[in-house]
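The structures come next, written out as structure tokens.
Each of the next two complexes has chain A plus one other chain: chain B in the first, chain C in the second.
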Partner chain A sequence: MNDASIFFLEKKKPKKRVNVSKIVSFFILLIVCGLFVFPFVYMLGTSLKTEEDIILHPLGIFPAKGGWTLSNYTGFIIRDGKLDNVPKWMFNSFVTCIVSIAVTLIICTLVAYAFAFLNFRGRKMLFTTLIMTMTIPSVIGTTAQYSMYANIGTLTKLIANPVYIYFWIIMPGTAGVFTVYLLKNALDAIPPEIVESARSDGASNLRIYFRIVMPLIKSTLLLIGLFCFTGSWNSLLWPQLLLSGTGEQGYLTITVALIGYTNQVDGWSAKAVAMATSAFSMIPILIIFIFTQRRMIEGMATTGVKR
Partner chain B sequence: MEKKSVFETSKREKRKEQTKNRAVVALFMAPFFLNFTLFFLVPVFMGLILSFFQYNPYDSAKTAFVGFDNFVKLFTNPLIRSTFWHGMKTTLLFDVVAVPLMLLIPLGLAYLVYLEPPGYKIFRAVIYLPTVVSISIVGIIFGAMFDGASTGLINAWLGTEIKWMDGTLRWVVIMLASIWWQTGTNFVILLAALKNVPKHLYEACEIDGGGRWHAFLYVTLPNIRGSLELCTFNTLIGYLSLYGQPTVLNSYLNQGEIASPMMFIQQWLNDFSKANLTGLVTASAIVFAIVVIFFTAIEKIVTKDRKGGKDVYERRFNLFS
Partner chain C sequence: MEKYELTPEQQQMLERADRYFVSLQNVEKVYPKGGKVVCDFNLDVEKHEFIVIVGPSGCGKSTTLRMIGGLEEISAGNLFLDGEYSNFKPSKDRKMAMVFQSYALYPQMTVFENIAFPLKINVFPVVKKDEACIVARQMTECLKKPDVTSAIVRESANTKLTGAKPVEYVMARLNVVRACAKELLKFDWNDPVAAAKKIAELEAFVAAREEESRAQGLELRENGELFRDGAPVIVREKLSRDEIAERVFRAARILDLGPYLDRLPRELSGGQMQRVALGRAIVKNVSLFLMDEPLSNLDAKLRLTMRSEIVKLHNSIGATTIYVTHDQTEAMTMASRVVVMSKGFIQQIDTPANIYNHSANLFVARFIGSPSINLFEGEYDGDSIRVGDGYRMQMSEAFQAAYRAFYARKIEEFERCLEGFDDIERRQKSIEYIHKIESALADSAPPIVVRKKKENLFTRLGKRFGKKQQTTGVLREREVAAEKLGKLKEALEGKFTLTLGIRPENIGVMRAEGAPAEGKLVAETSAAELLGAEYDLHFELFGRNFIVKAPAQGNYAVGDKLLVTLCEENVIVFDPVTGDRIN
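What follows is the complex of A and B.
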């Protein structure tokens, strides 16, 4: 390093330079976030418009003066004195999410515990093999899985039974190898002495699993639960495949049902209702997002992806 | 005293202990592996076999072995060319643009948030928010914004009547929707990676007279490569398996068009009149899987760490390297 550069370094006030870049980044992010928020604002605004308003004042995001209405929201909750389909769809999605979170967490934590704390022959090899199966694209199994569903369904005459369909919607995603991998990482971070000492005190493995290990990895469990919730709430391809054959509108999940509002004719007029339904169906996920977004975002930093 | 008693345990007791241990291991492993076998291993294995059969899931009595017939049909049948291969071509063309963009945009935004300007936590949340929305809602919102009539929002603003959902333009809309919907995932992973870069390395770089660009090139990039690789891998697989976006962003008249291999598999499986062709669809799934493996292998070779420093993530996927 020559003298000039030392002079340069001393002269410059690093703090000031940082501030300039902060200001630049602030304004760029302000524009980007404006663009990112805009579709939500548009959805909300349109959902409060009347059908005529959409045609007559397409320029405005929000309803014209005096055109504000909540009728798009009330229509789909109760129709003709009966519960409409939208609450049913949301209920179906909720059940799917809760059951798949429960099954995922139970089976994956059990197996991760076995890999982390139980000694048996071939443990390492089994784990490596399991991890390697992640490179097999699961699409190879899609048709066979669907065939299994259709075949067993035809034989047992259960094919249109909602419980049978939902069993097939939920189960295939629950044995997640990546989830096991994340959980094992979390379990490996627990000092083995804790488990050892509990064992020498005579605690059974199930007791150690429930009382000691699970409370220690609570944050990982929460994170996996959250990703499982959004994944299952938003999943489209597989549920759509299984639900399309039922013919019963009330059986759909909200994500599959809302597909009915896409790909419309140009100038379609049901925009307001579509937007209101979307906004309404976003409420649960939005509530979860508001309360957990910090944990979700920061959790990604500490779970799984180190470096 | 205690040590002695351990040594004195009889053989019988030892065996009893062993059986008990095995039972415990089985108890912990069984639920997962039962599920994994039934819903992953069996279907994948069955898929490999089904591709050599003519098979109808609703009428398994008609099952017949046809050898490589399904694969031959896959490469010669004109209908397959205009559906499956058309979808493959469309998806690959889209991915050439989409995959780099879906890495560069999140990286750029992550870098800006990493500088921690005022309110960066809000910016971070806003960029991540669209990822929790379902694809059908993305389709509804963008479909309404880019409505082809003059009353569509963008057309109204521009005073035009552009048919957004036709031809190449449709893919521009799909690109915009994808950026909005999925930037957040890679963004948070890369942001976390940026935060984990040791600060003293930047100081060292500055003392060596390196500017901001140098610091990014020689300090930031090498230190986030693990995460960058993970993002590349996930994005590549995700965009090869493109399904949701072209399904929800389409014109009403064009709904039969197959824009990706996943759409082909879905639509043909769903079509009761094509139930007889399940073997053929399975063969197409296998060909598609080979394409996916091919591209991920290339990705793996290109981004391979030549210094041989391996972390847990690399060990996981180094089957190809």
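What follows is the complex of A and C.
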């Protein structure tokens, strides 16, 4: 090997490659991430402040020296030796979420299965029609839904019954076209021979669904469950509309109740408690997300849909 | 009650249904948009036959199989399975097993679960057994030799040593059923009188059961099976866990799958996956197997071994198999009868030997055989056929008679077909007749797929409301029929050009030395492919490319002069107009 070639080789091998675009994108992501996280940090910080601290330093992210306190948290769980409303609201929200996940999964998977694997007349047209309804904002239906709720409620004298109200809170959200679409995408990825061979093995459609198909779309189902959970946990407008009729505070869901808190204008003291309850209400979503993050990304990858 | 009179056709139909195991009668498949895919399919399959349906892609062979399997609807015609009318029977009631090209294994289940799946979900006919009685008898046996039994029960507790669950260990060592093993594990072995007491209890119980079944007119055999009047009582019920395991193990043993039962399909090789798919089929214990190109996804070497394995399996379990493939070698080697299809029409149904040596038409002749048949033209003058310049084949009296009869028949058929075009009721038949003729002439190469312009809402609206294209008023098929009839008539007047075919092994070649003798055929090798034991020699003769097999000892090379002899009695003569064989 002559000198020139050695020189050439050395030049070709840089000691460390600096990828500029990677660094730039890293910083941009960091900034965006910071923007997203900041309100939560502020919320958490404020919830740990004492009353004076909030009044003196409303803009400080964290409590001033020695001002750290957990009294805002203890205050709303047990007040005057009694269980406060917050656990009740959490319970309400949990029940709503779990029931709506269950119902959504049952309804939507069956619909998607029919669209994907059953041959019936007008299948394509029906599906297109369903997809087309996605263009209509769901808020438009609110009035109609409300009048249905109110009319049936007055007729049956159930209008203020909490079970009846919760039935109406949960049901309209369960038959989601988007969910059906997601599921159908996942089902279309399953080779039809698998279903055909199960059919020739003697399995009924329900059995094919539960034994063969469902295990294959687990991650999609999980994704849908998560969407459903966050959607249901955070939904405000529709539950607020229905729940405003009940005078009872304990029937509210946590999201609806918290709006009541934060909208109070009198004094700063409630702010700390509001922040504490908000932080508290975040916990379930956070926990679920941490445990299902990997499967959720998998689900997004397999369905090919980002949201 | 008045008896319904059957027409002769209906009677014949039912006779066929009774006589054959599978009977497809005039079966057709029409897609609403894709036209007719399978036309007038008639096939009768006897028990234990290995039928191979072969044809180029898109000829309707898979569709036919799927119709038999109940995965596609039958548009017209009748399907009888085991004498039963089965057009509308759901797939699961057809008592058949299907194997797919893509194996269609359930990816989330292990090999064991895959094979066990059909067993778990179906009911099967089994001899009725008195389970309680079996348990009691086995228990008594075990209690009578307390030393052995108690030792085994004690051993079973040490799961690390035995490597199995206690119940399963006891089951295997003492050869008892699960319920009995559970009882034995619960039994208090330290109590010296307990065993004797239990034995007496159990014997009284068995005696009571025997008495009871006798009262019902049943006979309780030694192994717990119930018999009525000397015949076993058959009930349809779900199989027990142990029975399922036993059947799965039996299938796994036949297919050498033992070591893989705990694996998932994705951890297996292609050949193993195919064996699992076969296992899932044989475990169902049905007599009809439908296989849709099961070997196409395997590599060449594996395909060879699996081919013989499938045939062996077919013979050993005494099944009836309908097998679809596009590979003519598979068809030739596996089948007891081959069905050759083209463009939705059956071209020929016969044994592999007959398909090869007596191909019914040009399509079959071209499609079957590797290297393929050598085709060339010859002019027939009523006495002999002249090929190229100078080569003459004297035709026998029998051929001349067959020739005249053939063309007389064909002309009559075409005239009837042409008349049919004027009659609305018969028009469809005539069109189909022409389609069938065309399918026989089709090249065996896969058709070039013309990508259709994608339809959307606007193109569809345009079609509906836009200007209608003027139709000429004359059917294309009619023109074809008229043209062909004209050509057929020429055949009986003077000289006529025929298509001749000869299989590669019916041509003899020798190296030509010196000047060729008069009247001998000489050709120059254009390619010499050594396949190990033999050569495939390509050369040009009569203006056509020929392929011939020659022994490897010849040491042939490109440019060699060859002396060619045609074995004239093996020349097949085809009619170029309809593609059918004349002699």
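Assume the second predicted complex is superposed on the first by the 257 of 307 C-alpha atoms of A that agree within 3 Å, B and C clash if a C-alpha of one lies under 4 Å from a C-alpha of the other, contacts with A are read in each partner's own complex, and residues count from 1 in each chain.
As a convention for this text, contacts are C-beta pairs under 8 Å (C-beta built on N, C-alpha and C of every residue); 3 or more make two chains touch, one makes a residue touch a chain.
Please read these numbers as outputs of a predicted model, since none were measured by experiment.
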| item | value |
| --- | --- |
| First, second, both or neither for A:203, with chain B first and chain C second | second |
| Touching partner for A:95 - first (chain B), second (chain C), both, neither | neither |
| First (chain B), second (chain C), both or neither touched by A:212 | second |
| First (chain B), second (chain C), both or neither touched by A:191 | second |
| Partner chain in contact with A:154 - chain B first, chain C second, else both or neither | first |
| Of chain C and chain B, partner touching more chain A residues | B |
| Touching partner for A:283 - first (chain B), second (chain C), both, neither | neither |
| Partner chain in contact with A:32 - chain B first, chain C second, else both or neither | first |
| Which of chain B and chain C A:70 touches, first, second, both or neither | neither |
| Partner chain A, residues of chain C touching it in the complex | 69-71, 91-92, 94, 96-98, 100-102, 104-108, 117-118, 121-122, 280, 284 |
| Chain C partner contacts - residues on chain A that touch it in the complex | 191, 193-194, 196-203, 207, 211-212, 215-216 |
| Chain B-facing residues of chain A, complex | 1, 5, 9, 18, 21-23, 25-26, 28-30, 32-33, 35-37, 39-40, 42-43, 46, 54-55, 58-59, 61, 103, 106-108, 110-111, 113-114, 118-120, 130-148, 150-151, 154, 171-172, 174-175, 177, 180-181, 185, 205-206, 209, 230, 233-234, 236-237, 240-241, 244-245, 254-259, 261-268, 271, 274-275, 278, 281-282, 285-286, 288-289, 293-294, 296-298, 300-302, 305-307 |
| Contact set on chain B toward chain A in their complex | 21-22, 24-25, 27-29, 31-33, 35-36, 38-48, 50, 55, 57-58, 60, 109, 112-113, 115-137, 139-145, 147-153, 155-157, 163, 165, 180, 188-189, 191-193, 195-196, 206-209, 212, 223-227, 230, 237, 241, 243-244, 247-252, 255, 262, 265-266, 269-270, 272, 275, 278, 281-282, 285-286, 288-289, 292-293, 296, 311-313, 316-317, 319 |
